[in-house]
Structures are given as C-alpha cells and as structure tokens.
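First chain A sits with chain B, and in the next complex the same chain sits with chain C.
This part shows the complex of A and B:
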C-alpha cells in the first residue's frame, strides 16, 4: 500500500468512523456554506429580482416623435436596438378627441396585450378589450356617464376639415361599442377611454399614426441610458427618453439593497469563520492524546499538521457540497417568499462554495493543530 | 558495545532530582525490568530512553550515539526507527481498525504493508480480529495490538510501560508469553512494572528509589523458556 493510500484511508476513517463527533463540525461547516452561498446567490440575483419588481411600476422608457409624429414601424425600428431579452413590453399610444354622449373625451388607441406588460399595475373591472367594438373606460368617465361593464355606448369622432373654406358638411364617424372593462389606476388614466388601435384607426379613418410608445425594459439605469442615446441617434424619427422617476428610484433602491446584502454576507462569513474555527479547535483539542500518541510512534510535526489539515479540508469539501445544495434551497425559499419568483441555479457557485469552505476549515484547523503539535508525547506515556 | 548506556544521568525539576546520577547498561537482546515505587523516577527514565525527554545532565548512548544532544526532530526519527513503545493504557487510535493501528507505525516509519501488518497481528494471535475497532476488542486484545504495533518495524528496543497494568491474569500471561517470544527472537526488552511476578521473569531487574539506582538483581534461573504462570 502506498503512503498516500494510507493517508486517505486514515482521514476518511477519521470522518466516517467518528460520525457522532464529526457531525457537529460538518453541520457547522455546511450551515456556514449554505448561508454564504445562499446570500451570494441572492446578492447576484437581486438586480434581476428587483428589476422585475420595478417593472410592475410601469414603463421606464418613452418614445416620442422627434418631429410631429411617427409610425409603428419607427417604434419597431427603435425597439430593435434593445436586447430582446431585456424587453418586457412595448405599448404604442395614439390619442384622439372623441365624443361620448356628445361630450368630448380623450381616447387612446393602444395594444391591449402590451398594455398588460408595460402597465401591470392597472386594475381592470371586467376585462381588457379582446375584439373589435370593445373599449376600456376610465373609472372617472364611467362614473360621469354612469356606465358599467357590458353597457353599450356610441363613440363619435369628427374628422378634421381638410378645407376650411368649403361649405361641405362633414359628418361624424360613429361606432357603437361595448364597455368591456372599467379601468382604475388612481391616476390620469381614469379620464381616458381606451380602444384597440385598429378600432381607433377605423373610427378616425387614419391609420399608421402613433403619438407615443411606452417601453418597459429590464435593465439597469446605465444600460437604459445607453439604449436611449443609441436609439435617439440611430432612429431620426424617434426621441427616446427615460422615465427618471422610475429609473432613478430603481437604481437607488437597488444599490442600497445590494450593499445591504453584501454587508450581511460579509458579517455572516466572519461569523461562520469564527464558528467553524471554534468547532475545529474543540475537535482538535479533544484529540490531543491521539496527537501525542502519533508523535510517540514517530509522527513528525509536519506529518501531524498534514493529517489534520487533510481531515479539515475533506470536512470543508463535504460541508461545501452540502452547503451548496442547502444554500440554493435557502436562496430559492427567500426568493419565492420575498420576490414571489424562483431563482436560477448558478453552477459556478458550487465550486466557489466548496473552495471557500475548504479554505475556511483549513485556516480554522491550522492554528489549533499547530498548537497541538507542541504536545509532548511523554504525556501519553504518563496517561495524562 | 552496549546497545544502551546511561552515563551519569540527571533530570532536575527545580529542587527535585527525578533522576540522580543514574548509570546503567543494557545489552543487545537483553530483557530488563525496571521496578520502583511511584515517584522513583521510572517514568522519567522511560521518557529519556524512549527519546521523549532529555536528561538535564549526562549521556544516553543508543547504539553508540548520544541521544541526549539530539534535536527534537532527530529524536522523533530515532524513536520511529529504533524504539517500539507499549503503553499501560494501550493508546490505540480509536477510529482505526487493529490492522490500521499496526500499519500506522509502518506509515510513519517507511511504507504501510497490509500483509506484513497482518503477520504481526498473527504473531500476537489476533489475525482474525484485524478488522475490528479497538472498542470491539478486549483490554488484552488491545494490548496485543499495541505489541504488534511496537514490533512491526523491527525496533532495536521494545520499551513497555506497565504493559500488564490494566490486564487480567489470563491476558497478562499472554502478553508476558509474547515478550518471551520476542526475547527469544533477539529483541531487546525494557519493561517498567509494579508487578514483581512480571519483573522476575526478566533476565535482570533494576530498582529505582528517589531517582537513584537502588538495587540490581540478575535472574539466575532465566532460561528463556515460556514458563510464566501467575499461580
């Protein structure tokens, strides 16, 4: 048998056959590694999680026409400069003045599916329009006109005079529509009536025109700025700007939250090291007699250090593996309970956690083992 | 040249002279017993002969080399190569099996050899208990593992400190019989004991009192035959 084989046989025997003793040390290392890897996972995942949370507060970028108006093609063109995986939603808006019960109201034509993505905070009683002839009525208008979900309403639109000198009578365009939902936001949206873009185009007889686009993009403020500048310079028809209220508060909160998680991670790492060091000191201390015996039968100090460090590092590796798994479960639970979404497994964290655990247990073992090598083997003979 | 020679050995702790001008020779292949009351300096002498302590004064010549001047590192090497230790409380590594405990001495000495370790256990009658942990062995069996560990590297001297102190009569006989075998094979034995019956089976016995060599007797009837019987 080679010396190396005997070495591994000894250190594995020490861990496996002293289970009751080593389980405490292993738990200490595994829990430390779990908390550490869990917190690092959260630290890395916080921007994504918080970004998703902030997307609930609405669009963070707006496209406006650089001069007068733009088309849906311009919007598509502008959005193409944004990484598609960062785009949560792109909602075009076209505003027209219409009349309901002969009273003027502001109508907005939009894409109802995209609205749900860019304005997830909208609260709709009933439902969003899904087909032609349906509209979404702002809550304050609904109250004003005493309209509810399912009511029929006539929407009329007066086309612009092409020739103001003409005596020609211009007839209103009208459309009978059904109130599909009542919109409550607590904001100015409640004073609008929302139509599907195609319905508004049909009512006005003008198509392809867009006044505004709201974009919800999952990216940090720096990247958003980069996108906005690039779009504004590359697409002449589009002026892209950020909704500073959203992007800046997102950036501030994110920075503070990440700093907090980092601080907690560092403190936990320090506490874990102290805990593991204390446990390893106790483990080594209770084996003073064994160390004395090994020295008595010929072990050198460096040999003793090698054996105990080997045990400690093996313990660290096993603890690190268990800790990686537990850490992911821990991070997943936090993510589900706090952010209501799951996190993705980060394979790179496994070897990092194992390496950190091995290093922490190795360092923790070093000092008590070094002091243990000062034990006089004669003590063993005396039976002390 | 004697295998071991102590020349004017002193071990002084403050005012206490644990060993006081001890002079002694042990020849190669000799079986020597050391007796004396508690505090007489037996353990101190054992530690010095076993390279685990140094005298305050004097020379300890082992195979002609003065080990009292050696560094702790060299003393470890000498202990590993030339001395086999047997303890009263056995001192086996509790998570290693009997054979692994024997191989531990090989590991520190040279290269572990499972076959040779099994042969050593066979010599002490424990080949069938090789895979047992110390907790699964009786006191006598543990001491026999300790003997196997001590002899595995063919040491110049086997140094036994109260080897039968924790054994019943039957196991005491087994261990003393093993000493007979080892002696007959040419191993030098130095046995510290309180038990006069264990001491008197040796070729020679020295008595220590207050750190001094008090008395020395030679067993005229020593034949080397195994005839130890407590009764």
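This part shows the complex of A and C:
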C-alpha cells in the first residue's frame, strides 16, 4: 500500500514541480490528440456531407409506370420502400400538350415545393408559382412568345374526343394564368411550361394521373440499385430506374474524394504522432542525470522504467482527454463552415484517442529511458 | 570562436540537433504536402467532375425551340444547322486550354429492313485532332459518356481502318430487335442506304438506349446532311460563377470595359459560352445548369474543406516544432549556466542558441520540403492518378512558416535561460 502511494506521489510531484516542461509535453500530446480526433471525425463524416452536396445534380432515380400510367398513390407506395431519412425529394410530373398563343407547347404539372428539392440547379427569374393561376415558363418559350415575369397569358387545352360520332363542337378548356417565373436550365426544360399539378388537373379536367416521378435519394449506388429492384418487384405499377449518369459519376467522384481525405488524414496523423514522440523523447532525455542518480542510490531498472512510463502515460491520458474535446470542436467548426450542418458526436472516438495518445507517449518515453538505464550510473552522472 | 562553438554544437551534439532537424523536417513536409494538395485540389476535382459530361451545349440560333416543339408533334426537325467545318475553331478560343472535350451531334431518322423507324445519331467517338498549337486531342463520346456501360462488344474505335461502316446500338433498341455485337444492319435513310457492323451495345440508362450511334460522316450520308451538325456538347473546366459572371451572362454589354476584360479573361461558363458563340456562326451556347451549378458547389466545398484541414495541420506542425525547440533549448540549461558563469553576455548566449537552431531549421526545412513534395505526389498519384503540380507560392509560405515557428519556439526558452542564475544552475537546482 505504502509503495503504491509513494509511486503516485513521485509521479504527480515530478509533473507538478517541473511545470514548464510538463506544459510543453502536455501541449504537444493534446495537439496530437486533437488532430487525431478531429480528422477522423471529418473523415467519417465527409461521405455523408459530400453526398448531400452531390444531390445538387438532381434526381438519381426515376419512377415510370410499368404500363400506361400510374397515380400519385403508386408513387407514395413506391417511395415508402426507401428509408425516409434518405429521401431528399419526390417530384411527380404529368405531361400534357397545351396551346399558348395557338401554338402547341408541352406543359408539365408538378409539385413546386418538391421541384426545388429534386432540381436545385434550376435557375428561376422571378419566383416559383405559389398559388393557383400561376405558371413557370421555360426561357426559350419566354423568348419565343416575348413574355416576361408578371405577364398574363391564356393557356388552352383541347380535351380528347370521347365520342367521335357526335358532331357538336368541343370547346377548348382555357385558363388565364400569370407568368410567375422564367426557368433557365440550359437543357430541354427551357422548352416546357410548368404548372402546379392542381392547375393542370383543373385545365384538363382529369385528375389523379401521373406520367413520371423524379426522386432524389442520398444513398450509395449499390443501395440505390437495391431500392430500385425492391420497388420494381414489390409495386407492380411502378418501374424504378436509376439515372445512370448521376449515380455512376457520383460514386466515381465520391470515392476519389474519400480516398483523398483518407490519405491526407493518414499522412497528417503519422507526421503529428512522430512530432509528439520526438517532443516526449526530448523531455525525457533531459532527465538522464536524474536516472543515473537514482540508479546510483540503488533503484532497479524496472522501477525506473515503470515510474517514467507512468508519468508519460498520465500525460498521454490527460492530453488525450483535452485533445478529444478540442478535436471535436475543430471538426464541428469545419463542418459548420464548409457544409453548414453540424457533426454528430462519436463517443467511440474518445477512448480511441486516449488510447492512441497513451500508447504514443508510452513508447516515446520508453526508448530514451531504457537507453538511459542501460548506461553505467557513473557515466551518466559524469555527464557523458 | 562563434563559428567554432556553433559547429561544435552541431557536430558534437548531433544527436539532439538531428532530432530537432527531424521534427522541423516533419513539420515542413506536412506544410508543403498540404499546401500543394490544397492549391491543386480544385483543378483535380474539376477534372474528376468531368465524368458528369458536358457543361456547355451549343445549338443553332434559330431552330432550338422549333425543332423540339415539332418533335413533340412527331415530325422531324427542319431548319438551322451548325457547320461541321467550324468545329476545330472551338479549340482556338481564349480559354481553349480549359476545353477538355467536346463532341458534335447530328440526328437523323432511318428505317431498318423490317420497317422499324430508328433515330441515328452521328458523333465523334475518339476523334483525333491535331491542333495548330501542336497539341493533340482525342475528343468524343468515349470519354464524354463514360457512364455508358458496354453490355456486349466494345467501344467504337474511329481511328481503326474500317470506321466508315460501324455503329453502336442502345441496349433497349438492341433488346427489342434482338441485335448482338458483330451483327450487320442494313439501314436506309432519305437518300442513301448503309450497311453497318454493330461493334458494341451500350446501356446509357436514359433515352439514348433507343438510338443508334455512328460516326458523323455515316449519319450525314444517311440523312443527306453533309457538313451539317445539330448540336455540340462541350466539357470545359470552369470557375464557379460569381456576381460579375451572373451579370455578364444576362448581357455582356452592360459591363464596363474593365469588368468586361476581367470577365472575358476568367474561365466562367458564361464567358466560355460567349467565346464559343464568337467562333461558331449563328450559334447559341448555354451552360447546362445541372452540371455547371453542381460543379461549382462541389468544388467550393472541397476547396474549403481542404483549406481548413490544411490550416489545422499547419497549426499542428507549427505547435509541434515550437514545442520541441522549447524542450530542447531548456534541456541545455546547465551548459548555458556555465557560459554565463564564465562571463557570457545575454545577447551573446541568445545569438548563439538562435543561430544554432536556425541552421538546423534550414537543413531540416529543406529536407522536409522535398519530402512533403514527395507526399503530395503520392496523394496525387494514388487518388487522382496524376501528378500534383507545384505552385511556386508554396516555397515562400513554407520558408516563412518554418522560420517564424522556430523563432517563436525559441522565445519562451530563451527568456527562461536569461532569467537563470548561473550559480543556481551549476549547483544543480
């Protein structure tokens, strides 16, 4: 009992009395640990955060009707097979041929709130339609019809002839609408006019019909494939397909980015740990005289090694705890600055950080102490 | 005497000095590697994002609206075309170096023997170009559609001898008609017929799966469209848009002369589009928002992430060096106490310690710089498969960083040493 008390007293006393040197050592261990926990947190979190950025490319899965057409219930049904927290957005589309200024134009009915999620790259001058009687006009149509934001336009739709035999003239359904925004994408969308689904249903008089749904899902390509197969087989009305261009390219680029962060993490960590080790070695090597003196008055080698290791590991533990906290703060700052979202705390990382710092400090103490204990005390004391 | 003392320290205490040099080398290599990677990561990731395909499309001025409208009505398009002989000019614009790939497209309809009507698309696959600058470029869909998976056969090779009578067929069409690679197809166009050998079946995961792709000449012959092109897709490395670019994209004439020059000489998607319009007659070039915008966002995030990681590791490296220098200078208290006891001035002692450390820092820093450059190359080759280019600006940053950090590391130690009273130190307190 007494022996153990003495051991702790020696360790703490040595740490407290040699304050300035110990602060240096502790600082170095804490920085090493902070970089360790910070970078590992970022490395683990990067795929998730970057994946969210890649959703900028828009839909990566498309639902098409297996035969003819499907309803919005089928879409909801299909989407229910996907983990709800992976879904970024689900946008139904319905295409109808309408006329503006007596020229045929493709109109698409959709959910304007979801469009913003599945096609974040759409650039809209003005605003998205929010109420009924408003529409979003493709840029090339706007140029062709010389229409601008705020202009009024009449959209007409010829209902299909239900009864060919009757000779009564079928009147066009018309609606007066206001151009709420002009859509620019640099793609085929510029040739379409977008209406709210309810407006299109009112115009055509047919409701509940959908031609296509775009889904933006944040998941890796194998998981997407799994989802697509499951949905196609479980919901007979829906055939789910992946947008290959988006999914393939995403996995290529994301893999590279992850490899980059991994390699950077490994190199930075290796160098930082060596830095910590050299500092600890320098701090311990300074005490060769002390070791010599102890040996001269009869301390055993193993006793000395044990004491120095204890000291080093205590430093490692304290440094590791400080470092884990600092590292998390760092990672959090980076995440907020880069991705403007917070990072989740990984409890497992704290013991790992502490263990690694204890191991690094322990090993870096062991080497100089062992070399000091192997020398004759007389030589050490003489200063050679 | 001063030099003898310094060389004495450096040679006789080489073990301690080696350790300091080693730590400084580590710090310097960390700084060099991270700075090089950080400064180059934008270009590298931009290169990777090219897998998303073209970010600029060029269409004829008049017809873009009409043709797609009439397609809706089931009629084939009529009207304006781009000129094939002008294609080479795209590689002569101001930002020609940033144009990594491009391909022309010409669409026509043709009939198969069994009466099926198909869309035939003429394009470049791996078109070889010798540019006036002496540069060589293989451009075309082989690289611009790298998400296509080849289900059967292989990519069409335009550079092989019999490239006139070959085609690639989309997976959906191939399945419908039971076509395999190696089969021969006879298709008849408006004026001419063609016998084509199917070299590959591709799965594009889109509406291209219903089309037949062939070299430009073949499609032009079938559709009687000699020298005409429907559209051009261009893949260019661009700078993320800012306010100036947005303003310029609306109307370049609204800029002042200075703004116009900045805009024209920056690789914005809008300025590259503008320059393409200048060389291709009657064309409208517009950025594909889906690709251009997302590229900008991802690039920005990656660069910011790498910058912050770099700053973190620079702080780490700096503190590591600082610590070691402090620790190793303190260690020499006995020696310095002795020097003071025999009459050395504070200034002389500080000068001696500083000179020693700085010589060590220069040696360590130089070694570290080259090691760091090596690390950067390892990262470049492992991740991106190409070398990281060295920016000259890295050298002064690393030099200044190492010197400042080393000197800062000496300050607390030297202050401590100057406070030492020789008698106490020598006494062993």
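Operating definition for what follows: the second predicted complex is superposed on the first by the 366 of 384 C-alpha atoms of A that agree within 3 Å, B and C clash if a C-alpha of one lies under 4 Å from a C-alpha of the other, contacts with A are read in each partner's own complex, and residues count from 1 in each chain.
In this text, a contact is a pair of C-beta atoms (placed from the backbone, for glycine too) under 8 Å apart; a residue touches a chain by one contact, two chains touch by 3 or more.
Model, not experiment: these values are computed from the prediction.
Chemist: Kindly classify A:2 by the partners it touches after superposition: chain B alone (first), chain C alone (second), both, or neither?
Modeler: In the superposition, A:2 touches chain B alone.
Chemist: Given the touch rule stated above, what does A:338 touch, chain B (first), chain C (second), both, or neither?
Modeler: A:338 sits against chain C, while chain B stays out of touch.
Chemist: Have a look at where A:297 lands relative to chain B and chain C in the superposition and call it first, second, both or neither.
Modeler: first
Chemist: Once the shared chain is lined up, is A:13 touching chain B (first), chain C (second), both, or neither of them?
Modeler: Touch status of A:13: first partner only.
Chemist: With both complexes superposed on chain A, which partner does A:184 reach: first (chain B), second (chain C), both or neither?
Modeler: second
Chemist: Applying the touch criterion given at the start, work out whether A:377 contacts chain B, chain C, both or neither, answering first, second, both or neither.
Modeler: first
Chemist: Between chain B and chain C, which one contacts more residues of chain A in the superposed model?
Modeler: Counting contacted residues of chain A, the larger count belongs to C.
Chemist: Give the list of chain C residues in touch with chain A in this complex.
Modeler: Of all residues in chain C, those touching chain A are 16, 19, 22-23, 26-27, 29-30, 33-34, 37, 41, 45, 48-49, 51-53, 56-57, 64-65, 68-69, 72-73, 146-149, 203-206, 286-294, 297-298, 301-302, 304-306, 308-309, 312-313, 315-317, 319-321, 323-324, 326-328, 330-331, 375, 378-379, 382-384, 412, 416.
Chemist: What residues of chain A sit close enough to touch chain B in their complex?
Modeler: Contact set of chain A toward chain B: 1-3, 5-7, 9-10, 13-14, 17-18, 289-290, 293-300, 303, 376-378, 380-383.
Chemist: Flag every residue of chain B that touches chain A in the complex, lowest number first.
Modeler: Chain B reaches chain A through residues 43, 46-47, 50, 52-53, 73, 76-77, 79-81, 85, 87-89, 91, 93-96, 100, 103-105, 107-109, 111-114, 133, 149, 161.
Chemist: Which stretch or stretches of chain A touch chain C in the complex?
Modeler: It is residues 20-21, 24-25, 27-28, 31-32, 34-35, 38-39, 42, 46, 50, 53-54, 56-58, 97, 103-106, 119-123, 140-141, 143-144, 184-188, 191, 241-246, 248-249, 252-253, 256-257, 259-261, 263-264, 267-268, 271-272, 274-276, 278-279, 281-283, 285-286, 330, 333-334, 337-339 of chain A that touch chain C.
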